[in-house]
Amino acid sequence: MIDKFVRSAAEALDGVPDGATVLLAGFGDVGMAMTLLEGLIEQGARDLVLVCNSGGRDGSAVARLLTLGRVRKLVCSFVRPASDAGRLIAAGKLEFEVVPQGTLAERIRAAGAGIPAFYTPTAADTVLAEDREVREIGGRLCLLEYPLAGDLALVDAWEADRWGNLTYRDTQRNFNPIMAMAAKRTVAQTKHAVELGAIPPEHVMTSGIFVHHVLHVPD
Amino acid sequence: MIDKFVRSAAEALDGVPDGATVLLAGFGDVGMAMTLLEGLIEQGARDLVLVCNSGGRDGSAVARLLTLGRVRKLVCSFVRPASDAGRLIAAGKLEFEVVPQGTLAERIRAAGAGIPAFYTPTAADTVLAEDREVREIGGRLCLLEYPLAGDLALVDAWEADRWGNLTYRDTQRNFNPIMAMAAKRTVAQTKHAVELGAIPPEHVMTSGIFVHHVLHVPD
Amino acid sequence: MADSFIPLDRDGMAARAARDIPEGWVVNLGIGIPTEVANFIPADREVIIHSENGVIGAGPAPAPEAVNPYLVNAGTQPITLVRGAAYVHHADSFAIARGGHLDLTVLGAFEVSETGDIANWARAAHEPVAQIGGAMDLAIGAKRLWVIMEHTTKEGGSRLRRQCSYPLTAKGTVKRVFTNLAVLDVTPRGFVVRDIIPGLSFEDLQARTEAVLYRD
Amino acid sequence: MADSFIPLDRDGMAARAARDIPEGWVVNLGIGIPTEVANFIPADREVIIHSENGVIGAGPAPAPEAVNPYLVNAGTQPITLVRGAAYVHHADSFAIARGGHLDLTVLGAFEVSETGDIANWARAAHEPVAQIGGAMDLAIGAKRLWVIMEHTTKEGGSRLRRQCSYPLTAKGTVKRVFTNLAVLDVTPRGFVVRDIIPGLSFEDLQARTEAVLYRD
């Protein structure tokens, strides 16, 4: 019987190695797997590459992971200069790759979809294209982009069953479905654990085939 | 008030020009907008480029459109030699571009997503890659592919509201969501017309922003 | 006479932009004043607000006691939904932006050039820290891009320029600019003035603008 | 002695392949004999069947009176779902195939080469009409590709070859071949025989095979 439920974040994150690339979903705090992120802080892996939408607010779990010096490189679309992440970057203590948000999403999607590279007009006319491969397609300058795959994805769900089928509530969805597909190991925390079959097949938002471990985190 | 419902296939398809590229969803008959396809046959546009998964069975509406000589070029993944489509192609009366099914889906998706080109390993090692641009990425040969956009998409839905929000039933879904996003003009036929708001926001499968006209076709 | 006009405030600029949005448009409103445009669209005019964190059909802010912590907009502010709304994931949300499915994007900016370039994310080309978010995708993808911004900087410098002095967000994509002094279209000739606030002359407006202005 | 063996029939080949599929795998089964593999997976072994028209968790064929015309597999045959199933659209379905999310794909073929090339869609390089479907995507994307086919053609020609004589579906991706005579793994050395049907010797098998065979 397939049963992906684990009893603790420690069990879900056992063996995450130093140097891992971690895909962390969420837009602000919404849709961010807080218990798993705390678990990753506990777990101790270092030298991480963290892929998420933003550098986080001061006091947030993301900021804590960063200020603990556990992240070598941050890949995201948005960092406030006046934030822990911003200060670490400005001080040269954190590598930083800024990626426009749509390109970030599409690169993650490409990793999950087996697309080895794609072109996009986004940022092709900007300083972000400096020293990078561009190409005119249909009269429009485009930038070549590569997938962003994770060793680990941390996903925040509303419901999950033992196969790892997931639903999301409202804008909790954001990066979760595409990150779930883009990592070698996808761990989901869920508010509600439901029976297999309780989620109608039309309404599954992330299929369990993308999910390796599920942690039930009720209120 | 936004109201995309039309009273007839003729109204929905008014003005489709000769030479139009038509995206026709469906896998076999499932998820194919039969009333709209019949409407297109009635409407009379010629010299069409038809993009759909297969060349259709003899006696089908697709085969009829083809044998009426209304299609200049067929773009699909699968044609039986012993079929109307197969005989027209073999006789040189129908141009034919064969596209692996996953690449077909991804090219349509790229058109809707504003991706001007992408690489895929699919078919890169095959005769389909002859005289085409290939590139090694990560040690793997990949083929450059371009979007497949439509002037018109014909979509088959289960439910629709006046904004054009759609749901699909079971495997009716197939190419419908991606084709709906990939055309200048998307026309949906729906089994059920529902009130705006009747489809929960989590369960809308194609947003009305991609849909231009809806025709209610109950049994 | 130069003191006899009253520049529009934030609400005034948002209201002026809202006037130009017809029923049925799908619109993304950037962070800041653009977000406030939604407050000035008449309730009976159906305009569909896209928020790039995955909302199609965003509604107004909820009453404080009715906040749903799972439902925010691109500024992470609590919102509501309108009837007919839908959710999508982030890749689909930016497929909407990049794929040309937005009738309109409205962004704030530091500068706009007379060729429609927009600069709205950095004040120096190679700042170590960058706040780009979704602006570059939104700026290149919509059918039309409008900008709302003060006509001049606090120091009186013109934000409407021959060329942007700040790093670009996108090139040649701005179609219309709403400032606290005027409404201007970006045309092949350059900025064409469509509207000036009462009490300000075309010449007064030109005096406050680096780029050359053309009459409608 | 060469007549003392009984080659596997279609069911026999499907059953043999099913034996090697462990619980928890996500599997795509091609049209033809591969589809029948599902019939031989024990009911208590949870294997998740993907069908490229958008099903994750396909179940067996329904009773004739219970056919749901909206629910078909990649062969457009009516199917049922298992508990825990989900639907996706075509682009997501092939993201599963191309993106490496299938533990296994099982396809039929005309030929397989000793380097794992597969030819299963055409008998001449430039036939005007082509029946490719999803085979090329499935053949390049899965974690492992198995093939089920007769060991020889009706004329007795070997389907296990040094090089494929037909146009390729994909290059170097086949890992295991189930024929009516044997089970063979594609290894860096070439075909290694894992299993031969009773009554047939290694030498007899080699005599029916163009490619060089290696013992396990």
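Every chain is named by a letter (A, B, C and D) in the order it is written, and numbering of its residues begins at 1.
Rule of thumb we're sticking to: contacts are C-beta pairs under 8 Å (C-beta built on N, C-alpha and C of every residue); 3 or more make two chains touch, one makes a residue touch a chain.
Bear in mind that the values here come from a model prediction, so they are computed numbers and not experimental data.
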_Tell me the fewest steps from chain A to chain C, where a step is a jump to a chain it touches._
1
_Measuring between Cα centroids, which chain is at the maximum distance from chain D?_
C
*Please work out which of B-C and B-D is bridged by more C-beta pairs in contact, and write that pair.*
B-D
*asked:* Using Cα averages as centroids, what's the distance between chain C and chain D in whole Å?
replied: 55
*asked:* Between chain B and chain C, what distance separates the C-alpha centroids? Give it in angstrom.
replied: 35
*Round to the nearest whole Å and give the separation of the Cα centres of chain A and chain B.*
32
_Distance from chain D to chain B - Cα centre to Cα centre, in angstrom_ = 29
*Give the residues of chain B that touch two or more other chains, as numbers and ranges in rising order.*
106, 113-115, 120-121, 168-170, 201-202, 205
*Can you list the chain C residues in contact with two or more other chains?*
87-88, 91, 94, 97-98, 141
*asked:* Judged by the touch rule stated earlier, which pairs of chains are there in contact?
replied: A-B, A-C, A-D, B-C, B-D
*Which of the residues in chain B end up touching chain D in this complex?*
27-30, 54, 77-81, 85-86, 89-90, 96, 98-103, 105-106, 108-109, 120-123, 125-128, 168-178, 205
*Spell out the residues on chain B that touch chain A in their complex, using ranges where they run on.*
106, 110, 113-121, 135, 137-138, 140, 142, 146, 167-170, 201-203, 205
*What residues on chain D touch chain B, complex-wise?*
51-55, 68-72, 76, 87-91, 93-94, 97-98, 125-138, 140-141, 167-172
*Mind pulling up the chain D residues that touch chain A in the complex?*
23-24, 26, 46, 48, 50, 56-57, 81, 83-88, 91, 94-101, 141
*asked:* Considering only the defined contacts, which chain A positions touch chain D in the complex?
replied: 1-2, 109, 111-115, 161-163, 165, 181, 196-197, 199, 201-202, 204, 207-210
